[in-house]
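Note that subunit A is present in both complexes that follow, paired respectively with subunit B and with subunit C.
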Partner chain A sequence: MSLLTIQDLAIRTNDLSLVDGVTLDVQKGEVVALVGESGSGKSLTAMSVMGLLGDGLFVDGGTIKFDDTDLTQASSTTLNRLRGNEIAMIFQEPVSSLNPLLSVGAQVAESLVVHGRASPAQAYTKAIEMLRQVGIPEPESRARQLPSELSGGMCQRVMIAAALISNPRLLIADEPTTALDVTIQAQILDLMKDLTARSDTAILLITHDMGVVAELADRVCVMYGGSVVEQGPVDDIFEAPHHPYTQMLLKTLPRLDEPPKGALFAIPGNVPSPKDWPNGCRFQSRCDRPSDRCQTRPLLQGSETHRFACFHPVGDAS
Partner chain B sequence: MTLLSVEDLRVYFPVRTGKFGATPAVVKAVDGVSLTIGANETLAIVGESGCGKSTTGNAILGLAQITSGTVRFEGRDLSELGSRDRAQIWRDMQVVFQDPVSALNPRRTIAQSIAEPLEIHGYPKAEIKQRVDELLALVGLNADQRDRRPKALSGGQRQRVVIARALALNPKLIICDEAVSALDVSIQSQILNLLMRLQSELGLSYLFIAHDLSVVRHIADRVAIMYLGLVVEEGPAEQVFANPIHPYTQALISAIPLPDPKQRNSGRRIILKGDLPSPLNPPVGCPFVTRCPEAQDRCSQTRPPLVVSSDGSRHSRCFVHSL
Partner chain C sequence: MTLKRFSLSGFLSLWPAWILLSLVVAALFAPAIVPFDPDRQNLLARLKPPGFESRGAAYFLGSDELGRDVLSRLIYGARISLAVAALSVILSGAVGILVGMAAGYLRGWSETILMRLVDIFLSIPAILLAIITVAVLGPGFINVILVLALTRWPRYARVAYGQTLAIADRPFVQLARAMGSSPWRVLAIHILPNIIGPLMVVATLEFGLMVLFEAGLSFLGLGVQPPTASWGSMMSSGRNYIATAWWITMFPGIALFLLVLSANLIGDRFSDHIGDGK
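And now, the complex of A and B:
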């Protein structure tokens, strides 16, 4: 049985639909990447799992099941029991996500104390152990320091330690390496790989970086215009994408591992903002193969493992 | 022909540290950088945050005060120019920053924003409208968008407006400081193609400051890798990417995750230990010595000199790996 199952999720403000038609699932111990450009709805989807949608945003349909609990209907008591305990989250900006006035050791220990799983003293000892596991040198003295005394990469390690100390079953990582320099990103990706190999924590990884996806994900879920347009195993998505958007997105990336060949392939047009979403397929204005059928919204179809929302798929999709 | 040459540029910022700022100190943001850019050439400066790449760009533009060293544009030392000559240089040298939202005045229409440099430099009113329409067409915007405000445009379109404004006075050099970093991937390629097309049509030179090596490999003729205020390696882009010499360059290139799941666990990656040292207290010898997997004793004692390859095309600062 799936750990997390999102079915037909819709999120909106009073007058605008921002996400509709997100269906995905995360199995135990698996890394699922949720990929998309800005405004695709990937972060909103993640926030709704945590019950952390901002003011004026609400879930307008669909279900988010964690085990058997529908998180869209859950009481705040239930959510509080799960958050920081069974479901943990790390954010893009490590420095602004940590409390600047509290020692990092106390912040890592916090969730164990809040959830009554350890005394403050036990939790602090565990926190030092956790800081060691995420590769912070001299964790005993580092634990007493404030976030401002640590570098960005170190703060991201602290946030990962704080998220993983309760041994969550699901970790939601929202652009965990985007704010970091590449050599530090390499360290954090390595750490995340190592930690997932050692525990059976599942990760829902939100990112726009196809390199990070290729590095970390088992399965990929591609979002465009507020809905999932394709999902499948990472090798299939990169080698044989069926949705024209996925194919064009991969083609448009400048490659580090290939010499340049003149002009880059570019996807025409702009990412449509939610108020300009067309009826039917939202990629139709930028697509190289639109037809009259695309005026109707395509639903996810395909095999059990590899699904796409397109009437005119790329390659052999049968 | 050399358009811009920078010799032994140093930019130091005084700061105060310690309790209540009791201890004065100096951040050596740029500590001896030499570069040249030829006509119709793209030089990329690459490095991680705090390496001094943007400060180098700002110093060339006159936006950061130079501590020592010279910046020459077409052979003329910028520090020795009078205000009239300086105004001419400012026409020849323009800049495109990362964030088009903060680079454009939200109250002005895009035509007004593009016209501003023309007005400042005394273009006749009658010609301005025509020039603005020309510029809009040049960067791929429709003339009917001229009266829109930035808010009504997408991120990619806004960056096109910023580029049009930079082109208004027919510059010879454009400094692109992370000009495509804030754009979505599907838009980034459009803007890169635009920059490359403009270069071949107008014979522009670019100083392309960036952290994304995939982008740099695509657009740059030559690339300079900076670390902690110093250029540690420089050379033709193809050669530097195919055969990096400095251990930092090697680690930086290997650290980029490739969009290819088959490369996963291929062992190509060099993971550096630790963080960038504080620029307040940089290592005495090689700036990279604290993280270098191949550091030797002498690396921590003396700064490695810049070594030039026999054909003069490549430069590197490393005791261990020679050219």
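And now, the complex of A and C:
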């Protein structure tokens, strides 16, 4: 049975729909990558799983099931029992996501203390151990410092430590490695891989970076304009993407087996912002094969494992 | 932090703090430093000017209409002023901050109810509300504190509310919630320390105001009751002799002025400091 199942999720403000038609699932111990350009609704989807949509944003339909609990309907007591315990999250912005006045050691220890899983002293000792594991040198003295005394990359690792310390069943990681340089990035990715293997933690990994996806993910879920346009096993998606957008995303990846052809491929145009969403397929303004049918909204179709939302999928002659 | 070398101008520019500190010390050690028992009357030494000596003891700031030493009463009066101001600031601050933070964080109906209450309280002139409540409750040390707290908590609630609103959606507060922290824990550990600066500014300015309010109530006979010395009641009883014995009203007046000025200057300094700290 799947650990997390999101079905037809919609998120909106009072006057604007920001996300609609997000359907995805995460199985126990699996890494699912959620990819898509900036503004496609990845963070909003993640925050709604945590029950932490900001002021003025709300879930406007759909379900988010964790085990058998519908998180969109759950009481704050239920959410507080799960958060930082069974579900942990790494936020996108490391520096502003840490309390400026609390030592990083205390912040890493926080979730253990909150859930009464360790005494404050034990939790702090564990926090130091965790800081060491995410590659922070001299963790004993670092633990006593404030976030402002650490670099952005260090803060990123502190956040990762704070999420991993609770040994969650589901880890939601929103761009966990963007602020890090390549060697540290590899180190953190290894750590996350190790974690899933060792303790069966599932990861919903939000990223722009298809290289990271190839490295870590079992399955991929592609978002565009507030909805999921394709999802499937990582190999299928890389080998034979069906949605034109996925195909373009993959072209942005520099390939080792081909010499670079001048500048890296970039997708022409921009993601339409939610207020400019067209009727029908939201990708039509940038698509190379639209037809009249694309004026209606394509639904997810395809096989049980590999689904896409497009009327004229790549490699389809008709 | 660097250790600054001692400099005379730096030392002098801190004078509001020194005034406040010396008043606190004088108040704390009042029994040890006063030349006379503040309540002891001496009908042979009534209305004597500053510097008057009697049997080897000097009335440095003169004596009042009952022959009590003005300096000794001034020092004992500082106890009342400081204690009333400090306790009412603590009480009103605690209530106001709790209300403001709860309204700003919990939102919804608690926000509506609490903030309307704040608006109502703020629209009643504070000194009027204080006078009416003392008239109902009766005067006295404890009642004065309760009354001041009752009239002043909305100031803190306003500031705490605005600050909490500004910070509640910040990512680090979200992260604390993502860790499963309860609302009370989020408020106490993650929000309060981050908004305490502006609240301390309010508290310092309010401290000066509370000193004034207490003096005002005592002046009107609604504060601490005689024979306990308070600056307000000293000025009130000296009022009848202002033409002949100016020192009875003048010295408490000067003390009041200096204390309130110091509190306000410290508050301003505080707020400048917070201003460039961000």
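As a working rule, the second predicted complex is superposed on the first by the 295 of 318 C-alpha atoms of A that agree within 3 Å, B and C clash if a C-alpha of one lies under 4 Å from a C-alpha of the other, contacts with A are read in each partner's own complex, and residues count from 1 in each chain.
Throughout what follows, a residue touches a chain if its C-beta (ideal position, glycine included) is under 8 Å from a C-beta of that chain, and two chains touch if they have at least 3 such contacts.
The structure presented is a predicted model; accordingly, all values stated were derived computationally and were not measured.
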Touched partner set for A:Asp70, first subunit B, second subunit C, both or neither: neither
First (subunit B), second (subunit C), both or neither touched by A:Ser111: second
Partner chain in contact with A:Asp235 - subunit B first, subunit C second, else both or neither: first
Which superposed partner A:Met154 touches (first subunit B, second subunit C, both, neither): first
First, second, both or neither for A:Ala88, with subunit B first and subunit C second: second
First, second, both or neither for A:Asn80, with subunit B first and subunit C second: second
Parts of subunit B lying in touch with subunit A, wherever the complex brings them together: 48-49, 154-157, 184-190, 192-193, 196-197, 211, 213-215, 217-219, 238, 241-242, 251-264, 269, 271-272, 275-276, 291
Residue numbers on subunit A that touch subunit C, as the complex places them: 47, 50, 52, 54-55, 76, 79-85, 88-89, 91, 93, 96-102, 110-111, 114-115, 159, 162, 166
Subunit C residues within the subunit A interface of the complex: 168-172, 174-183, 185, 189-190, 193-194
Subunit B contact footprint on subunit A (complex, rising order): 37-38, 151, 153-154, 181-187, 189-190, 208-215, 234-235, 238, 248-250, 252-257, 259-260, 263-268, 270-271, 273, 286
